[in-house]
Amino acid sequence: MKKIEAIIRPERVNHVKDALVDAGFSGLTTTQVTGRGAQRGIVHTGRSGQSITIDMLPKVKLEMVVTNEHLDQAISVIVKAARTGEIGDGKIFVQPVEQVIRVRTGEEGEAAV
Amino acid sequence: MNTGDIAWILLASALVLLMTPGLALFYGGLARSKNAAATIMHSFMCMGIAGVVWVLWGYTLAFGPDVGRFIGDFSFFGLSGVSATEPGPYADNMPHQAFMIFQGMFAIITPALVTGAFAERMKFSAFVIFTILWVTIVYAPVAHWVWGGGWLGELGALDFAGGNVVHINSGVAALAAALIFGRRLGFGSEPMEPHNVPMVVLGAGLLWFGWFGFNAGSALAADGTAVNAFVVTNTAAAAGILGWVAMSWIFDSKPSVIGAASGAVAGLVAITPAAGFVGPMPSIIIGLIAGILCYLAAGLLVRLNLDDSLSVWGVHGIGGTWGALATGLFVGIGFGELAEGVARGEQVLNQVVAIVATWAWAFVVTAVILWVLKVTIGLRVSDNDEAVGLDVAEHGETAYRL
Amino acid sequence: MNTGDIAWILLASALVLLMTPGLALFYGGLARSKNAAATIMHSFMCMGIAGVVWVLWGYTLAFGPDVGRFIGDFSFFGLSGVSATEPGPYADNMPHQAFMIFQGMFAIITPALVTGAFAERMKFSAFVIFTILWVTIVYAPVAHWVWGGGWLGELGALDFAGGNVVHINSGVAALAAALIFGRRLGFGSEPMEPHNVPMVVLGAGLLWFGWFGFNAGSALAADGTAVNAFVVTNTAAAAGILGWVAMSWIFDSKPSVIGAASGAVAGLVAITPAAGFVGPMPSIIIGLIAGILCYLAAGLLVRLNLDDSLSVWGVHGIGGTWGALATGLFVGIGFGELAEGVARGEQVLNQVVAIVATWAWAFVVTAVILWVLKVTIGLRVSDNDEAVGLDVAEHGETAYRL
Amino acid sequence: MNTGDIAWILLASALVLLMTPGLALFYGGLARSKNAAATIMHSFMCMGIAGVVWVLWGYTLAFGPDVGRFIGDFSFFGLSGVSATEPGPYADNMPHQAFMIFQGMFAIITPALVTGAFAERMKFSAFVIFTILWVTIVYAPVAHWVWGGGWLGELGALDFAGGNVVHINSGVAALAAALIFGRRLGFGSEPMEPHNVPMVVLGAGLLWFGWFGFNAGSALAADGTAVNAFVVTNTAAAAGILGWVAMSWIFDSKPSVIGAASGAVAGLVAITPAAGFVGPMPSIIIGLIAGILCYLAAGLLVRLNLDDSLSVWGVHGIGGTWGALATGLFVGIGFGELAEGVARGEQVLNQVVAIVATWAWAFVVTAVILWVLKVTIGLRVSDNDEAVGLDVAEHGETAYRL
Amino acid sequence: MKKIEAIIRPERVNHVKDALVDAGFSGLTTTQVTGRGAQRGIVHTGRSGQSITIDMLPKVKLEMVVTNEHLDQAISVIVKAARTGEIGDGKIFVQPVEQVIRVRTGEEGEAAV
Amino acid sequence: MKKIEAIIRPERVNHVKDALVDAGFSGLTTTQVTGRGAQRGIVHTGRSGQSITIDMLPKVKLEMVVTNEHLDQAISVIVKAARTGEIGDGKIFVQPVEQVIRVRTGEEGEAAV
């Protein structure tokens, strides 16, 4: 199994979640994060006309554990729904998961995803 | 004495008291989250410290029988001889203590205004001592000069509700503080955006509400002067919003919410000395220009690389100075009149004298107090404590656990 | 003129002014976090815009010498001839400007009430123009009809403190806005829950507090009518809580906190036109039914798939309509009396005429203004900006950095 | 009757009403985030419940014609015979309903004060019933004893603005509640820190502001007594800050912001019974000692392992008791005088009798009500609901969605 | 070493933390997240009686790095303390960790856990 | 590629971010977390003088995906910038990452980091 970690724009989260559920992926977890990347130079002007480059922008991290066979599909659904084509669309990271347990039942492995 | 005037002045006093929690929120919201509680604490402590100092020795220094046109004597120490039932020397339509407590509310908020300059880096112990000293040797004398029978009132300088005493005084003290404290860690490189915009607007709303007591209450009677002061206060605040929002829209590309709140305060500051002397139309001009000017002034300081954390000088110092000047320029237009036999030019000159005197006193004496504290107990928390934030470092508390 | 009445009306004006920041918080808390600052900005800008418009041309259109029972003329343009010291045509116990500014506070909050309908999607530039126009050609005429010597007052329709002028007017304008704006993105599929319940309750608390000025101040004197208005205002608000909370408990299975705040507002809205005409016992009924009715009305709109973002029509439109009707039904019970020679049926009919006229004017003129703006500069932000949230997209600010 | 006094009492009533939303924020901020909305709901519901109960039967029980020095009869049921235009038996300078509604605001906040004791664990349904009963059979009788012609007033016990009726009453009821409810899950092991410090300070600020209406309004006239009450209220609050902050600085190593807010409230509580009987200098002592004493009392309860969630007993019970005692000790110093022919010792004794009587009644009757509710419908939510938090479990709402 | 990532109910966090410390696991990190899973259909009624299915519920993510030998024990402690038996109890994911460094000392590997 | 997960003191975040950008690492994501570790015994005194040991302290989690060759450099930059030498400085965990995708372009692998 794999964990997909996608850092996406907050305003695309609902699209992505809907697209995922349509594709049959219901389980997921999201976290509010802030990120820095190629997206830079958002110059902010403060109360006193003070200009500061804010490099940390609000993003949402979406985490989803999927079976190996569903991995590619899930990624392509996320990429499609999250993309705007502008800098700052975010990244997807895939990591190995060795074990999955459902707390409620104690089920393990693919049955627990 | 009549019940209408007594009810009026007591309720005006209550309104002015509420300005300090309002300011606590205004400043607290402008600060960063890790300093929110500490910033609020500064204002709230002024209610404690100045609240007690005023009845003990503040009132007598400001409003006790005059000594050399400079300060009051100790006749009213501990409010001795200040009656709750009989009128005093300043208003014969209300008990002396009613006048005293109304003035006391001004003595509470003025040092609270100053705290915006050194927010996010001052040591709490130094703050406590500073506030006691500042109320005593900066605030009380200037209040005496203007309203307590001192030389500025004598001269004929007009200050209806505290343009000099409250706003120039606190705003210029803030400038001195910005210079002596130095910049916050990360100033100019890290973003130091307001952490809570709704809190800032709520604070501005409470300030506006309380300012009716501040300005219209300064008529010391529920009369036509109070009505005029009330109307111009509201109008200048409204115009101040328009001025600052327009500036942020033009120069920073977006109409700022913080700018709307700041603009209202700027308008309120500028109309303060003029509230009993000008009518509604000048008040639109005064408020509008205040919004524009204070926006520019706050930006100027940043460009000079000075860190007056919450723009006290820009808003209160410059807004107050503009208001004091405008009082001379517009007195008698729409309301009030130039004093008998005083030409407008002369009046403007008197205003300038009062402005210069207040700038000088506030700057020098504040600087001396801060310098003494700096070389003795120290003004700033450690760099690490500043990075951690004053809430945890100085008060062991966290503003939010959401 | 007497000091008690002047103190009363000025403080009542201050209380009504405070309602707008209160409303800012009430609405801001009901919005989603990403639109919190922008929603608050709408209300706060009304203080700026309507605050200036009113003294320039709003007051004269509403309260200037009557033209055809429809509108005021320009005699009081820029407050010319509106004295701060002498009484005007509407109240001889206070200076004319005191009456003017009290009315001005109503002109500030009414457009602010409307903003709840298009919250979370309106373009700020369009909002500014809308507000200027709406105060001028929707609010001022209706105020004139009812209180400025216009045809509804003439007819004998009762509206003590603004059931028609403020609540039906803003509530029906909200309905027009809901229709013309269309739904927010995700309406009906995504949750759009209030982002800050304490802020909503604080807002409701400030509104309640300010409403004493609104209703009891409308007596224009510190007299028995003011006392009655004060008592029924408090009682109807209390009963409104009970009504709405009971409904949410029964129909949504849990007693809602947002419901308690909304119920208080519903009760306050409904008692507004009746406050000087009915006693405490009818006020319980009026408030209770308001809580129930407004709960149902807000839900109805949602079932009709109309997106009046913050339920302005449900609370102010329906609450105001119920209140206007109830004024006819209950006038004279416990306080006040039917006008000499007017039967209750006739009075109810007059109320219905006033209701229908206000609905029609508010709906049609608001729709026209919005339609013109829609086809010219556009009403809504882009879909992407709406998804990002108005705080960042329109104001470049973030409500919270916690 | 005169307009000044009517304006005064109505505005004082408005100020006292605002204390309840202020308390909602004070308590809401002290609670944990997951119980913030529910804690606020308790106070807000008191506005709904007590607001209606008071006009129906509360006022007549407390202030109706006396029955055996113990309770009022039903003459004023539903406010029958309580005129909005003519004076009543308690004040001849204002309409009877003005007095009634001023008193009504006290009946709203007193049960709201009690809610701090069982915050974070009480079932909402039980709370509703409790509040109805408590206002009726605890609050109304004690109000009658002291102010309605009952035995404590007769005896000569002094309670200017509610030290017994409001503070001891609610504070001791809180003690009974703490005993009967038992501790919150995790009390003493998990941190239960305030979730929102700015909200606590805002609440304290609104309480302070409202307290001017509470204490100075209790003069029932805009006169010298009101002026004195106003001044000592402000001064005691200021001194209370200094007392509590000093204690937290000394004993907990850091000056606490929550402590500053709590200290102000402690000072305000303690000055309440004394406000019309002592001058400014005693008020400093009363406030300072209140800050120290209430700090210690709140800590004591924790050490006794009793869970009065938001320290109601420590602040209101002990602060009120100290104030009642101090009224006897200081009456006539700086203001007011001992009643003709009453020695100070005798007066202190009268105060002690009143204190003991109020403690006993509040404790026993509250305990009985709670015990009955406990064995019938149950007082506490389930352990799981308590862990989840009352906001979601009892109201289906979440205080914040940031 | 392994990283255990447990998504659990917020109201069980204190139980789980206490159980872990009793079992000798003190180091851990928690994050407020929102999650969607089998737990569905919480129908919420808004201010206006509007019913919406809220599918994203507040959860807490508990992260803990443990040595391989302690893995099973830690998992069973968490499962036991977090379980209510109702839908929504959450999931546990186990991932490999290649390196652990203690910032304070620079210690690496098991000594740093 | 590897994911570096560093749990650090909130007051050091700006230092660390600046140090990373100076060393050429711009992409990163941060999350507000609370953590428990060896750092214990912060005894807090509540409003009522009640003393409670608060064992969960606010920390910041910094996540950064880097290529294998940059791993050691990145770690040493973080360790240097985050260290105060006092207990509570935090931990760094390294985990394998199997795939990286840039949402905007669909680029994969090292090019996407």
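Per-chain numbering from 1; labels A, B, C, D, E and F assigned in written order.
One rule holds in what follows: contacts are C-beta pairs under 8 Å (C-beta built on N, C-alpha and C of every residue); 3 or more make two chains touch, one makes a residue touch a chain.
As the structure is a prediction and not an experimental result, all values here were calculated from the model.
Each step here moves to a touching chain, and the least such steps from chain A to chain D number 2. Copies chain A and chain F of the same chain sequence form an interface built mainly from non-equivalent positions, shared numbers / all numbers used being under half. When the C-beta pairs in contact are tallied for B-F and for B-D, the bigger tally goes to B-D.
One simple way to say how far apart two chains are is to compare their mean CA positions; for chain A and chain E this gives 18 Å. One inter-chain figure worth recording: chain A and chain B are separated by 48 Å, centre to centre, where each centre is the mean of the chain's CA atoms. The centroid of the Cα atoms in chain C and the matching centroid in chain F are 51 Å apart. We define each chain's centre as the mean of its Cα atoms; on that basis chain B and chain C are separated by 33 Å. Residue positions of chain D touching 2 or more other chains: 2-5, 7, 11, 190, 193-194, 196, 202, 252-253, 256, 258, 396, 398, 400, 402.
Residue positions of chain F with contacts to 2 or more other chains are 31, 44-45, 84, 95-96.
Per the touch definition, chain B reaches chain D in the complex via residues 2-7, 10-11, 13-14, 17-18, 20-22, 24-25, 28-29, 36-38, 40-41, 44-45, 47-52, 55-56, 78-79, 83-86, 94-95, 97-98, 100-101, 104, 124, 196, 199, 202, 391, 394-402.
Of all residues in chain B, those touching chain F in their complex are 34, 186, 190, 384, 387-389, 396, 398. For chain A in complex with chain C, the touching residues are 10-12, 14, 44-45, 58, 84. Interface residues of chain E, counted against chain F in their complex, comprise 3, 17, 26-31, 65, 95-104, 106, 112.
Every residue of chain E that touches chain A in the complex is listed here, in rising order: 2, 6-8, 31-38, 40, 56, 59, 61, 75, 78-79, 82-96.
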